[in-house]
Every structure is written in C-alpha cells, then in structure tokens.
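See structure below.
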Amino acid sequence: MKTGRLESFSDGVIAVAITLLSLDLAVNGPGHGTLAHQLAQRWPQFTSYVVSFLVIGIIWINHHSLLSNLETIDRVTLFLNLLLLLFVVAIPFVTATMAEYLNKGGSDSHLAAALYAFVSLGMSLAFAMMFLWSSRQGQFRMTLDRRTRRSTFVRFSFGNLVYVAALGLAFVNAWLTLVLVALMAIYYSFDQIALAR
Amino acid sequence: MKTGRLESFSDGVIAVAITLLSLDLAVNGPGHGTLAHQLAQRWPQFTSYVVSFLVIGIIWINHHSLLSNLETIDRVTLFLNLLLLLFVVAIPFVTATMAEYLNKGGSDSHLAAALYAFVSLGMSLAFAMMFLWSSRQGQFRMTLDRRTRRSTFVRFSFGNLVYVAALGLAFVNAWLTLVLVALMAIYYSFDQIALAR
Amino acid sequence: MKTGRLESFSDGVIAVAITLLSLDLAVNGPGHGTLAHQLAQRWPQFTSYVVSFLVIGIIWINHHSLLSNLETIDRVTLFLNLLLLLFVVAIPFVTATMAEYLNKGGSDSHLAAALYAFVSLGMSLAFAMMFLWSSRQGQFRMTLDRRTRRSTFVRFSFGNLVYVAALGLAFVNAWLTLVLVALMAIYYSFDQIALAR
Amino acid sequence: MKTGRLESFSDGVIAVAITLLSLDLAVNGPGHGTLAHQLAQRWPQFTSYVVSFLVIGIIWINHHSLLSNLETIDRVTLFLNLLLLLFVVAIPFVTATMAEYLNKGGSDSHLAAALYAFVSLGMSLAFAMMFLWSSRQGQFRMTLDRRTRRSTFVRFSFGNLVYVAALGLAFVNAWLTLVLVALMAIYYSFDQIALAR
C-alpha cells in the first residue's frame, strides 16, 4: 500500500486535533468579572495551549518525516498509526483537564498532570513502535545501517524515559510535568529523525 | 470521474468525525467531586471512545482499500458514499448517547445501545452497497472472478448479520452490543478486503 | 493558478461543515425524561440533519464537478469561492436554528425557516456566479457552445427562483421551506452540471 | 523537503479554524425572547463572522501563493508555519470574545478588540517572517530581484504597522479596530503577493 492516503487522513486528524485546542481558550463572557481578570485567570489555559500546539505540531513534523521515508506500508503500520492518532486526538482533552486543575494544587492537579504525561507517553510509544516496525520490515526507501538503527533506538528510549519521568514528577508538582513536556517538544524540534540526508 | 477528490473529501469527513469523538471525554471540572472520582465515573466514555475510534478507523482502512481498487466512479457511487458518510458522521452522537446511558440499565440503556447498533449497521450496509454496485458496474481495476465475488458477498452478509444481532442484543444488555461491535472491528481488521493481491 | 489546492481547501471546509451538523443531534441525557421521549422530540433535528447533509453533499459534488472542468482560476474565482464557503459554513447554524423552532409555529418558526432559505439561496447564487464568471473568462477546459451556456443559465435561474420561493413560503409554514429545499437537493442530484461528457 | 504535505496540513488547520467561526453564531433558542430579537442582538457576531472569515480566507490565499512559489522548505520554515497556524487557530477565540464585548463599551470592549488586533498582528508578523526567511535562504523557484524584495518588505511593514495602529485604536473604540482589520483584508485581497507573473 502506498503512503499517500495514510498521510492525507493523518494530516486531517492531526489538523482537527490541533485546532480543537482553541476551544479551551473561551472566556465566560460578561457577568463573570472584568475581561482582564478573566484572561489573567486563564493563563494556565494559554500556556497549555502553546505547549500542546507545539507538541502536536512536532509530532506532525516527525510523522511527516517518517512517512516520506517509507516506500510501502503494511497492515500493522496502519494499526500503529491508528494507535498514534488515538493518543493525538486525546490531547485536547488532557490539555483542557490539566489547565483546569494546574493551579488548584493537591492530588487533583497531580492526577491531571499525570493524565497529560500518560497520553504524551502513549503517543511517543506508538510513534516509536511505528518507526521500529517499519525499519524491521525493511519498508524504508533506503537501507538503514546498524549505526542509524542504534542511534534511533537510543533516541526513542531517551524520549520515552523522559515522558515516564514527567509522569512520575506529576505527583510532585503539575507544573514540572508541563515544563518537562515543553522541553521535550523543543528538544525534538532540534533533533528530528532526519533520514533523508 | 476519478477517485482522487472523493478520497480527499471522505478522508476529511472521516478525520473530523473520528476527532469529534474526543469531545465526549471532557470532565465537569472542579466542584464536581475529586478528579479521580470523575474519571472513574467516565469509564463508559473511555471504553466507548476506544471502540468507536477503532470502528471509524477500520471503516477508513476498508474505504481506502475499496477506492484504491476502483478505476472510475459514477453518480450512484457518489451517493452511496454520501450515505456511508451520513452514518459515519452520526457515530460521535450515538457513541456519546450510549456512553451516557451504558450504566443506567433499563430501557434507556437498551435504546441507546440499539441506536448505536443501528448506525453501525447503516454504515456497514452502505459500504456493502457501495462495494456491490462498483463490482456490478465493472468499475474495478481488475476483473473480479466469481469466487472473489461470492466470498465478498458472504463476508458482507456475515458482517451485516452480526450488526443485526448486536441490535437485537441491545434489548438484553447494552454492554453486549458494545462488545459485539468491538469484536466486529477486530475481526474486520484481520479480514479486510484485500483485492490488490 | 491551478485548481489543486483550491479543491483541497474547499474539501476541508465542506467536510468540517458537514460533520459539524452532527453536533446538533445531542440529547440532554439522564434527568430529562426517557431517552425514547427525548429522541422523539428531536425528530426535527434528525430530519434537518438528513436534509442539510444532502444539501452540503450535493453542493460538494457540483463544486467538484465544476472545478474538475476548469483549466485555470483567477482571483475573482477565489473570492467567489470564499463567498460560497461563507454560506456553506453557516449551514450548521441555520440548520440548528430551524430545527429548534420548526415545531414552535408562529413568527419564530417563519423567521428560522426564512434564515435557512436565505443561506441556501446565498450558497446557490455564489455557486452560479462562480460558474458564470469562469465560463465568461474562458477558464473551462472545453469551449462551451451557446446552447450549453443558455441551458446552464436557465438551470441556475430556475434553482435560484426555487430558493426565493422557499424564502417566501417560510412565512406561510416552516415545513414547506424544508421540504422545498430537500426537493431541490434531490433535483440537483439528478440534474448535475455534467460538462465532462 | 517538498511543500506538498505542508500545504495539505496547513489547509486542514485553516479549513477547521475558518469553520469553527460558525460555532459563535448560535442563538440561545426558545425562552430567550423572540428569534428576531435574538438575531438582532447578535449582529456583532454576524459582522465579526464575516470579517474573520475574510481575514482567514485572505491569509489562506496568500499562504497558498507563497508556498506555490517555494522550491524547498527547511526546518525554520516549518516552525514559522507552525507559529502562523498558532495565531490562525486562535482567531475563532478572539473573534468570539470581541463580538461578545463589542457593544458593551468601556475597558472590556477595548481589551477584547486589542486581543483581536494582537492575534491579527501575530499572524501577519509570522507570515512576513516566513516570507523573508524563504527569500533569504533562496528557497523560491525564481530569483527575486532587489526591487521585488524591497517592495515586498515595504508591503509587509505597512501591513504590520496598520495592525499596530489597530491595536492602539482598540483603546479608543473597539469598532475602529474591527473596521481597520476589515479594510486590511480588503486591501490584501487586491494587493496580494503575485510572484508567479
């Protein structure tokens, strides 16, 4: 099977998910204090919006990068891609939940941040599985030498471990999780899978 | 008419429908019990989300598989495709309704599950009609031999009968319907229309 | 300018608009009477959903048909296309409003139906203008003979007059408008612009 | 990297954002005064819908025009594009907020209009940066002569200054901001980047 329509469907899903993030920005409107006050109270929402926009944006770039290097895809790849999308689509939900509880403190904020880290980890694991499966099945356009395989494996393991750490740190402080996920997004934006060299 | 833009439009509709499933995950937020409690109460929503995500994902894979085997499409195919999309787009609605009533028991939960099975059946019938019409009109790239036609017919009949059973079982227990639809999705993911061999 | 990306953007907008129709199907949930009662009360919503799904689906088919016959597009076509999309995107809003007031009777139901007819008329006029502009500018792949031009003009005039009639009948009875718009959709599905012969 | 999938993803995001504008048109329904009264009260929403539809539509046309002139894109372009989309996706939110406060007067309406101008300015700046970066990196299909570069620079500077003025005028009167943004959209629709001559 060719990658064309898989790209187009995934692009659609990711585009809708990234746009739904904006639904959580809405203020309550007149009768709920001044607008300045309402906007100030919603800064966890604005911060989370920027971080999650970056997270989804980066996964799109990496997804694009991966698929453009694949010659063919099989049924397993299709399912791993669906699994990846299942987590991507859940990001607006966990972002809104985390933003809601970020400043409440206590176990609720810990759980909300853990949920956010869990979905990020799921997305990251699904992407790693998709990459590893395709490389094992020889679906890439080019032959990956041992060194590339190993460095990619190290890179994915590192990323997933950071998400596990973000999950653990959620139970210390919710903001730590958000900062760690943001740092990961920035890190991934500099160290992308660049196979096309 | 070529299949290109029909694919692109259908991909868009299916992508939006699958993403709208996430709108039903939202919790009520602070002031409605602990977050842990709210999340625990929403497990029908989480289960339904995963099942419906799989259902829509599989129909996308099969839709993709069908269209990639078509040489041309005619007006009737366009309308059967619209009918298919009409049911796909209704899935977030019936998923949310079923999740809402799944644990309430009684006739409300039966009706909610029957509605879910009805829309799944409608989707399945529309897809079968689209396939049969295209094969009758000789719109496939390859000639389908009698054996392929017969096995496909058996396969679609089986699928639709299972959905009819799911509709009937809804009036026994709503969970039975959800499990049966989930099993069908898993079954379809292994036994896809694979004409391109 | 080539038509490719205009198609892809328009497909995206139309796909989102057609999917948003489903948001209006949602029931209120437990505590608002039995589900059977709630579903029965929402049959204006279900009817309107089917009609508007057909209306948007047909405009997509005709839009697809028009663009596949264009060789080039200019800036005016881009703006007429934006105008068309502005009305398409408003259809979920006017559909929800009409469904809400359909059974209330009185001037509210008349106004709601008139709003629905007005947006349908706007969509139809924008499409006619887009067609006429492209044909005047010689942007079609084939030369349109005088007969084709005249028959197309008659066809568009007829369509727009029916929508004007639907607007007028709204002030007699809201259901008349809905039925007339549904009939127009069915009519257009049989008498499409078929230039590619 | 080729521009194809960047276009397809951006088209998806812009298409969803432009369609989400319609969510703000919804009336409250029966029990909140006559429909005529409700519609009359929502004219700030209708005006803002048209203006923002035009603003997003124009940015799409210019984005399309820019990308169709690029031979290749690099990582920086990808990120500037993400930044552009981050502002585009926020437009339904700032449109709804401005419409809500437009007729309330006082500091709330000023702040709401300033927020709208701020997001428009961010979008415009991100687009200018994307253009300038691509031209500096020689990613265009054609060589841009000094004159084209200078006139483009002047054009972008003018646009951004107008948005800064719109931001300032927000604190005088919210309507002034809306009118100025609408005028800019009309201006841009006549003076687009037309490199493909």
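Letters A, B, C and D name the chains as they come in the text, with residue numbers starting at 1 for each one.
The criterion applied here is as follows: a contact is a pair of C-beta atoms (placed from the backbone, for glycine too) under 8 Å apart; a residue touches a chain by one contact, two chains touch by 3 or more.
Every value quoted in this text rests on a predicted model; they were computed, and no experiment measured them.
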### Message
If I superpose the C-alpha trace of chain A onto chain B, what rotation angle comes out, expressed in steps of 5 degrees from 0 to 180?
### Response
90
#### Entry: Interface composition of copies chain A and chain D: same or different, split at half
different
### Task
Indicate the whole-number Å distance between the mean C-alpha point of chain C and the mean C-alpha point of chain D.
26
### Whole-Å separation of chain centres (CA-atom averages), chain A against chain C
37
## Note on the structure
Residues of chain B that touch two or more other chains sit at 8, 12, 15-16, 20
### Message
Quick check on the complex: what are the chain C residues that touch chain B?
### Response
7-8, 11-12, 14-16, 18-23, 25-27, 29-30, 34-36, 39, 49-50, 53-54, 57, 60-61, 64, 68, 189, 192, 196
### Task
Quick one: which bits of chain D touch chain A in the complex? Just the residue numbers, please.
1-2, 5-6, 8-9, 12-13, 15-17, 20, 75, 78-79, 82, 85-86, 89-90, 92-93, 96-97, 100-101, 104, 107-108, 111-112, 115
